[in-house]
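In the two complexes that follow, chain A is the common piece, with chain B as its partner first and chain C second.
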Partner chain A sequence: MYRSQRLALRYFTAAITLFGVMTAAGLLSALYYVEPSLLYNVFDFQMAKILHIDTLVIWLLMGFIGAVYWFLPKELGRETVGIALAEVLFWVFCAAVAVVAAVFILVQYGASNQFSMWFINQGRKYVEAPRWAAVGIVIVVLTFVYNVTMTAWRARKMTGVLWVLIIDLVPLTVLYLDAFPQMTNMSQDLYWWWWLVHMWVEATWEVLIGCLMAWSLMELMGTSRKIVEAWLYIEVMLVLGTGILGLGHHYFWIGTPQYWLGIGGFFSALEPLPLLGMVVHAVYDAGAHHMKTTNRPAFYWVLAEAFGNFIGAGIWGFMMTLPQINLYSHGTQWTVSHGHFAFWGAYGCGVIAMVYLVLQHTRGTTPLDSRAWKWSFALLNLGMLGMVGGLLVAGIAQAFYGRAQGGSTLQAFVVASENHWFQSGMYARLVFGILFSVGYVVLVYDLLAIGRRAAIAAPPQASVA
Partner chain B sequence: MSPGGLIITAVLLGLFVAAGGAYGILYAAGQLRRSAPLARAAQGCYALQLLITLAVCLGSPLALPWKVFLAASAAAYGFIPPLMWRLLETMHRAGKEMRFP
Partner chain C sequence: MLIEDPGFWRAGAISTTLVMLVVLVFLTIDSLAATRAGSARVPNYDVIDRQIGYAYDWSRGYDMPVIGGAEALFGRDDSLAEATALVARGKLVIQSRACMDCHTFFGNGAYYGPDLTKAWLDPAWSAIWMPMTGASTREEAMAQFLMHPDRYPTWSRRMPDLHLTRAEAEATVAYLKWMSAVDTNGFPAHFGRSEPGG
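Right, the complex of A and B next:
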């Protein structure tokens, strides 16, 4: 096994650990909605939420980085350039995440000054990590980009997937720099901040997961390179074509020009079309292989990724993306429902699929199967479906009573929050959140145990670099 | 937009994409299994999507350009699964096995 692949295993371990932190913080956030005085002035809702959404970004990012470090040597037939530095930076990254989490939990917030921004909280949603940690993230990502690019350069080899990946890593890195400016004009600040959030989630990350899925399909189903690369180009064209200007569907209530609402509505309404194509492709691939594979967990998580992406981003997104609906639904639990489903479908399922894919190699087990993965698959997906269902009901109640009927006043907000539909939705979210958490525990158990017994019975041949 | 109109329109828009997705899945499954019932079910889902489009166009408070856009989208949904299927078959026929080194 290459050192790069050993590093990938560390990244996956860190990712799955942070997935757990995210789940715990999410469960706590859900509890506040049914018990608002919980931990009042000790650990308030906003801190649990920050932990929840920041660990969401970091666990997925670590999963992506891990997957690239795993596939890169296989793709190029050589060790990753700068692997020693990458190994050091992995530990620096983990230590930084731990320190930032400790500061969020123990210090929480400070005065509105430069010290707080540098050492406590930068103050931008999703990228709250203090400035020193944000600089660290830039260094880690730049090193990662350098390693990937230089490995291809030294190997004197470039594949279609690698081209797409390397080109994609440039905007992915540059967009993160949007976390840095200090603007005093709130409209300008939010205008640029959305570039970071939207272009990551609905553009550069989509392309990145597309590259990883391309490698996964070659590995998992033996699909030919020509096919996955042709499909990747089509996907990139469609996703970027619809995704980039879909940015406008976030520009509500922040003082941006009105024309953005039409542009955003139009392009984001086109987004389900490429997703429909992906679903047809998933059915084709599943049928072409008669649902037979030596790695059923990875196969099913890949299918969950295709369908989850379509339902979460496509159906849930289209429900509320046209400006006349978005005007009312924006910022309610309805949006939260869509966000949960889309993140889970597009990225969460994909990262879990790749972890199983890699485990088959490290455990040397064929076929890779267990009972536990089925339980975790069912519990996690059922838990997620229940959560997004509960949030949808709560969000619709908010849009109906608080926005459309009540006129978006503070009084209307309170009335909507006391409405039984809203409260039932939040209870449902909590119950299904617990189910999801149980699914996470089973997943961790399975990742630790799957294939080990078979591997002990028949030790694998030593893998070679 | 009235509160009731808001909810009904949003639900119809969600169902619009859901029906399109069901059409795509059933179409692909029908082609895979060469099954006439699945193909008919796919057509049924697409017909449902067209009905939803009609309902939104006639009954929802959406502005006219969005209704036109929705009608055009519904037409696109009709073409995407067969086109995608043909493309996939062509790619797989032409695809030379070239896996990881």
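Right, the complex of A and C next:
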């Protein structure tokens, strides 16, 4: 096994650990809605929320980085260039995440000065991490870009998937630089903030997971490189062709000109297309191979990724981004429903698929199978569907009673939040959140146990490089 | 066949992406000009010393901010530089206290607390908090609430005490007043014009 692949395993371990922190913080966030006096003035909603969404970003990012460190030497047939630096920075990354989390838990917030921005909390959703930590993330990502590009350069080899990956890493890195500014004008602040959030989640991350899925399909199903690369280019064309101007659906109400209503509405409506393409691709491949694979957990998580991405990001997004609907659905639990479904479908399932794919090699087990993965698959997906459903019911109640009927005042917000549909939705979210958490525990158990017994019974085959 | 050739789709991906990026660059240049403070859509920061309303505009078909005559915030008639500094401080307060992780601004943020886009115009300040705090003005009631939210609960979900100083509370009020004057294409619709459930 290459050192790069050992580093991938460390990244996956960190990612799955942070997945647990994210789940715990999410459960806590859900609890405040049904028990608002919980930890009042000690550890309030906003801090649980910050932990929930920031660990979401970091566990997925670590999963992506780990997957690339795994596939890169396989793709190029050589060790990753600069691997020693990457190994050191992994520990720096972990230490930085731990320090930031400790500051969020113990210090929480500071006074209105630049010191708070640099060392405590920047207070911009998803990029609350203080600037020193943001600098650290930039260094880690730059090292990662250096590893990938220099390995390809030294190997004197370039594949279609690698081209797409390397070009994608440029905007992925540059966009993160928006984690630093502190602008007075909220309209312009949000304008650039959405470049970072949307272009990561609905453009560069989609392309990145597309590259990882391409490698996975070649490995899991033996799909030919020519077919996979053609699909990847089609996906890039459709994702960026619709997603770049699909950015406009975030510019309806932030003070930007009215033309964004038409542009954002139109291109957002097209955004499900590439995701539908991924479903067609996955179903076609699965059918062509009669659903036969030696790694069923990875295969099913890949399928969950394709369907979850299409329904959660595509359909749920389409449902609420037409301006006529968004005027009322914007800023309600409806958005939260979409956010949960989309992040889970597009990225969460993908990272779990990668971990199972890698485990088959490290455990040397063929076929890779267990009962526990089926339980965790069912519990996690059922838990997520239940949360998404509960949040949707709550969000529609808010859109109707709070926005359309009530006019969005404080009183309207309270009335909508006390509405029985909203309350029922939030209880459902909590119950299904608990189910999801149980699924996480079973997942961790399975990741630790799967393939070990079989590996003991039959010594591993030649290690896969 | 041409469509089975990855090179065909590669060319499509590159050209589509480039076209979309060029269009986005032009739209960004225009949008940044349209949203600079002092533009028709985003007023200058000294709007905090003017009356601000929100009314349906029949020619546009949605609610628009209405800027009226003089109305000094906290009884001060700030210069543009003073108003700019005050609003800038307000934004720093909003970030340092992570307000966006409970509330939404222009509908963006978290959803535990109410949207603050037009918070300055909320009828609850005069109906609930002015009598509760004993303040004689809306801005004073807002400042009192922001400094001591735990003293003025109105609902089971209470805002935590974020230890705002008097200066920080005033800066936050100034920020919310400025923000209510931004043209948001009618979001939120008919704010405060109809009763919930009515």
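The rule is short, and it goes like this: the second predicted complex is superposed on the first by the 459 of 465 C-alpha atoms of A that agree within 3 Å, B and C clash if a C-alpha of one lies under 4 Å from a C-alpha of the other, contacts with A are read in each partner's own complex, and residues count from 1 in each chain.
What we mean here is this: a contact is a pair of C-beta atoms (placed from the backbone, for glycine too) under 8 Å apart; a residue touches a chain by one contact, two chains touch by 3 or more.
No experiment lies behind these values; they were computed from the predicted model shown.
**Student:** Should chain B and chain C be called a clash or a fit once both complexes are overlaid on chain A?
**Tutor:** After superposition on chain A, chain B vs chain C: fit, no clash.
**Student:** Kindly classify A:20 by the partners it touches after superposition: chain B alone (first), chain C alone (second), both, or neither?
**Tutor:** Neither partner.
**Student:** Looking at A:224 after the superposition, I want to know if it touches chain B, chain C, both of them or none. Which is it: first, second, both, neither?
**Tutor:** first
**Student:** Counting residues of chain A in contact, which comes out ahead: chain B or chain C?
**Tutor:** If we count touched residues of chain A for both partners, the winner is C.
**Student:** Pick one for A:396: touches chain B only (first), chain C only (second), both, or neither.
**Tutor:** So A:396 only meets chain B here.
**Student:** After lining up the shared chain so the two structures overlap, which partner does A:404 touch, if you call chain B first and chain C second: first, second, both or neither?
**Tutor:** Both partners, chain B and chain C.
**Student:** Contacts for A:265 in the overlay, against chain B (first) and chain C (second): which applies, first, second, both or neither?
**Tutor:** first
**Student:** Scan A:322 for contacts with chain B and chain C and give back first, second, both or neither.
**Tutor:** Only chain B is touched by A:322; chain C is not.
**Student:** Pick one for A:364: touches chain B only (first), chain C only (second), both, or neither.
**Tutor:** Touch partners of A:364: none, neither chain B nor chain C.
**Student:** Return, as a multiple of 10 degrees, the angle whose vertex is the Cα centre of chain A and whose sides reach the Cα centres of chain B and chain C.
**Tutor:** 90
**Student:** In the superposed arrangement, does A:82 touch chain B (first), chain C (second), both or neither?
**Tutor:** neither
**Student:** Report the closest approach of chain B and chain C over their C-alpha atoms in the superposed model, as a whole number of Å.
**Tutor:** Minimum C-alpha separation, chain B to chain C: 5 Å.
**Student:** For chain A, which residues belong to both interfaces, chain B and chain C?
**Tutor:** Common to the two interfaces on chain A: residues 226, 230, 328, 401, 404-405.
**Student:** Touching chain A in the complex: which residues of chain B?
**Tutor:** These residues of chain B touch chain A: 1-3, 6-7, 9-11, 13-14, 16-18, 20-21, 24-25, 27-29, 32-33, 61-63, 66, 69, 73, 76-77, 80-81, 84-85, 88, 91-92, 94-101.
**Student:** Going by the contact rule at the top, pick out the chain A residues touching chain C in the complex.
**Tutor:** 32-33, 36-37, 40-41, 44-47, 49-50, 109-113, 116-117, 120-125, 128, 160, 182-191, 193, 226, 229-230, 233-234, 236-237, 240-241, 244-245, 247, 250-261, 263, 327-328, 330-333, 335-336, 398, 401-417
**Student:** With touch defined as at the start, can you tell me which chain C residues reach chain A in the complex?
**Tutor:** 4-6, 9-10, 12-13, 16-17, 20-21, 23-24, 27-28, 30-32, 34-37, 41-42, 45, 84, 87-89, 91-102, 104-112, 114-115, 117-119, 122-124, 150, 154-158, 160-162, 165, 168, 171, 179, 182-198
**Student:** Over in the complex, which chain A residues touch chain B? Could you list them?
**Tutor:** 74-75, 77, 218-219, 222-227, 230-231, 265-266, 269-270, 272-273, 276-277, 279-281, 283-284, 287-288, 310-311, 314-316, 318-320, 322, 324-325, 328-329, 396, 399-401, 404-405
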